[in-house]
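The structure is given below, and queries will be raised subsequently.
A, B and C are the chain letters, set down in written order, and residue numbers restart from 1 in every chain.
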């Protein structure tokens, strides 16, 4: 049985929650108030994450997926539980598609996307074979490096003389309307609601009691990180370009120019993104495989690795014909899709209440 | 079994990597674009000219003195769009044009007057192009400027970029331009690039008839082009361009010269090097009348004094400071005046200030009609000048009377 | 634990007690061995005696004056007087206590034992009437003197290195740890070579499970001969399907002792100057013993330099390929122009160019190692200067690439561990292929593959990247920097023992007890 430490869970969660927003931006629809929208989403999102951790707390010994059959009964719980691996698989397919859209258009024009993705998936399958423990160690090494590079990047941006905090004012220019639009439900689902996949990692941690606190720390950290980055992007580009850019954060890296020597680091931005996408896909696929394993009561998870990876690869390759459609799905479809909402918010809340009441009455009875 | 799987995967990985190299471009196959020039030609086509580094000729070893004209090549082609023209050039030459090191984009007057959105669009969208090249406008054809050879650097575009970075006059990169184009309440400008004889003074009208053949030609920045949205509507001279820098708090290096008027016995000139300049613009809306208060605080060193005024006494310095303040105020007023009345376009960004400071009123009343409202605004200017140093000598070398009589 | 010699013929060799008979048995066993010597003699005509030994492995002086002389000159009465009354143990007693001056002797009755001892340079003494053979230590053979180790030179620090004789090596360690806590356990490995292997550790500091595991793994070795520590390393490491060395190999006694103090186990092997230390971790392989002798600021700076060297030697050529063929925009314009200018005449793609240069460099290096020293220098001069210069001038390779390749080469010389350096030298090539195919993306993916592989590695149960992953902040003090001894009170490794590394601290603790 693999065991990860608290610190490893923390690093995995932080990288996972910052995730692909490092390129795509978060809540860019809110324009210059996006950082505010991120902060609000963070507060609400952290609450959602807390609910997830409580659920696993009330059901000791069970993974999150197994809580549904346990609390709702097999008839009702099992189908709901089965929705999860499907959702995870779908989202991992989406991230793979992100890679498909971003990498060939930015740093590797002319390379067929399937080749890029095959290499990507190969590394992921090796990681899946190596197990979550290795991934915990990997993030432990890489997170400090990422934060260091980010810090250098921020310093470079400031010394490039392109930051104008004027651009952030006026606050609430167009009122709360557009902030609320991006916060609910997309802001909560993105990053924070998606932490659901991490719930399958929690049972592998050595100090189960501290899962809740670890997750809250990582959610807040990720939220602040994203908020700061958003604010910086607006300060550099102004609201209008920020809203129009396909990859706002990618543009942010382009702005770096220090004494004509360190310039045009956009390729490194893509590399950043690839790593984040790597970890995110990894966690989703890990969650998919683990939930399938739990739901089929099989002993080994290894048999599921190749089928799942291949499905994700196929989905990534065929998902969206172009970037516009692909990104439009995030903004138009996902927030209003009942599956997302119900799996990430409605069911967990119900499950939380049921477990809570059971737990309370259980302790009262005994 | 496990070993076989690993072996298989390894072989597979390498085989598939070796078949690759799809997007590879060798350095021998690229042509580095250092400057691009865009013009509108008669039949509404866009002419794109590119200045390309001739890597072969610049081969490093020192002392190979070749004439500077040879380091770059120039290609030009016409097309329906920028991309079209670019593709046509690409067909003519055997190497891949790489735009990522492009220094400057020069736009001819004709194209600028008809709107430069196509250019901006191409330079913001195309993968290879970066937003930090400088955008310049020129009177006449932009293409002609590409031919002018460099005097110091390896290629002329680099020289222009250096000049722009020195921030003697207001400038804009493509990114800045786009920002100002899209942002509410501020209109874009670009620097104006002209061909000037190296020995002549760099003012606006110097390029016309005085082209002396003995004088080597050089490129110089002579002012700014003023835009409304994406259309060029006029030119401002170098002095105004400098004032714009003050107002945008971008001043790096500026000199103000004031004259002590003729009627005074101390007659002469004083030149002051600006050290710091900080402008704050406050907005106010009173009875439908938009008012701006421009406050500018400057410090500087006195570097030239041809008057008989002693700079050793603080009294005299006060007088000089007063003169300077008046001069600064006059210049700002005149620039604002031009922007307001002559061009009717808000290149200083009063609108965005109003937006930031009174955003409710802005959103309700002015956001949509700022073009109309802008000429009606009232601007008050106050300047504060502080001389902090007087250079290496304190008294004027030309001295007769120590005190200035009022 | 001691593995018995497998006698080739299936006779039952049993000591008869009759010297002539027994000697014949020996002669059969050592048939066609010219280096074996038999010496028969009479002791006062009463009893026959014989010595069996290998010439060249014994000290003749010792045999002549300390064995033969006392025996022959011994008091006649000892043997003549009522010879029948003396039983075996009496005779043994007399020989041991009153005749021989040797400090190391013991009695054996089994042939395999005796033969083993004879083969390792001891003298067997047979005496009529005794069914036991006395084995006397008279080992002495030609050996190197203790010299400065060739592969791990230091500027400050002891100049002693191990050599090929295990007893000398043991003494070099023992001299540095004068405590009964230092244990040395003996093992014999190799069906034919019968190599002596000594496992050494500090009791009370080491995790006993680790010692058991080491003994277990060495015990399981089935091989004809051990010629070098490499055999043992390969047979006991956790993951042989890896480029990375998972044990530490050193020629320096001070380094062995330093590691023993950290709770590691040393494996000393006869006939090689290299001692294996387990478990080996990546960061340890990046350390030089000198780090602990120099001032710690300097040592810390040098350690950081080594991290850069690791990155350089792994990534520099591939970054060059990736940047020049995929991401030209990232190179500063002026630099790009000069690189492009010098590449102008080069007929190959950057990847082939780099590959050829790297292979050329590696061959030069290998040639330099194998050739006699004066010739080796000539090779490096001809190869490095003449060919390099000529190739650049002929426009076959570009000069920036020559710079890149030589910088990579220099970086790979910075590795304190030659084995680790080899791993990175080899890894450079897949990295270059990945860079040539996918640019930076390829490099990233390759790095991830590499990291996952390295993170899976364990050496005797200790994760390879300890203490970086899993993270142990206190351990980093001795990894990224070399903290002062005053600040460094705890262990760096993931070893169970909580003893202090600082020798002074330990001293203090003992005094407190």
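Things worth noting here:
As a working rule, contacts are C-beta pairs under 8 Å (C-beta built on N, C-alpha and C of every residue); 3 or more make two chains touch, one makes a residue touch a chain.
This one's a predicted model, so the numbers in the text were calculated from it and none came from an experiment.
Each chain gets a centre from the mean of its Cα atoms; the one farthest from the centre of subunit A is C. Comparing the chain pairs A-C and A-B, the larger number of C-beta pairs in contact belongs to A-C. Averaging the CA coordinates per chain and comparing them to the mean over all protein CA atoms picks out A as nearest. Subunit B and subunit C, compared by their mean Cα positions, are separated by 68 Å. Averaged C-alpha coordinates give centres for subunit A and subunit C that are 48 Å from one another. One finds 42 Å separating the Cα centroids of subunit A and subunit B. Multi-chain contact residues, meaning those touching two or more other chains, occur in subunit C at positions 326, 329, 333, 438-439, 442.
Residue positions of subunit B touching 2 or more other chains: 20, 23, 100, 130. Taken residue by residue, subunit A touches two or more other chains at 108, 111, 119, 263-264, whereas all remaining positions touch fewer. Within the complex formed with subunit C, the subunit A residues making contact are 5, 7-8, 103, 107-108, 111, 116, 119-120, 123, 126-127, 130, 134, 136-138, 140-142, 260-268, 270-271, 274-275, 278. On the subunit C side of its complex with subunit B, the touching residues are 241, 324-326, 328-329, 333-334, 336-344, 346, 349-351, 430, 433-434, 436-439, 442.
Those residues of subunit B lying in contact with subunit A across their complex are 9, 13, 16, 20, 22-23, 100, 127, 130-132, 175, 178-179, 182-183, 355-357, 359, 363. Only residues 326-327, 329-330, 332-333, 438-442, 444-445, 448-449, 451-452, 455-456, 463, 465, 468-471 of subunit C touch subunit A when the two sit together in their complex. Subunit A makes touch with subunit B in their complex at residues 105-106, 108-112, 115, 118-119, 122, 162, 166, 169-170, 173-174, 237-241, 244, 251, 254-255, 257, 263-264.
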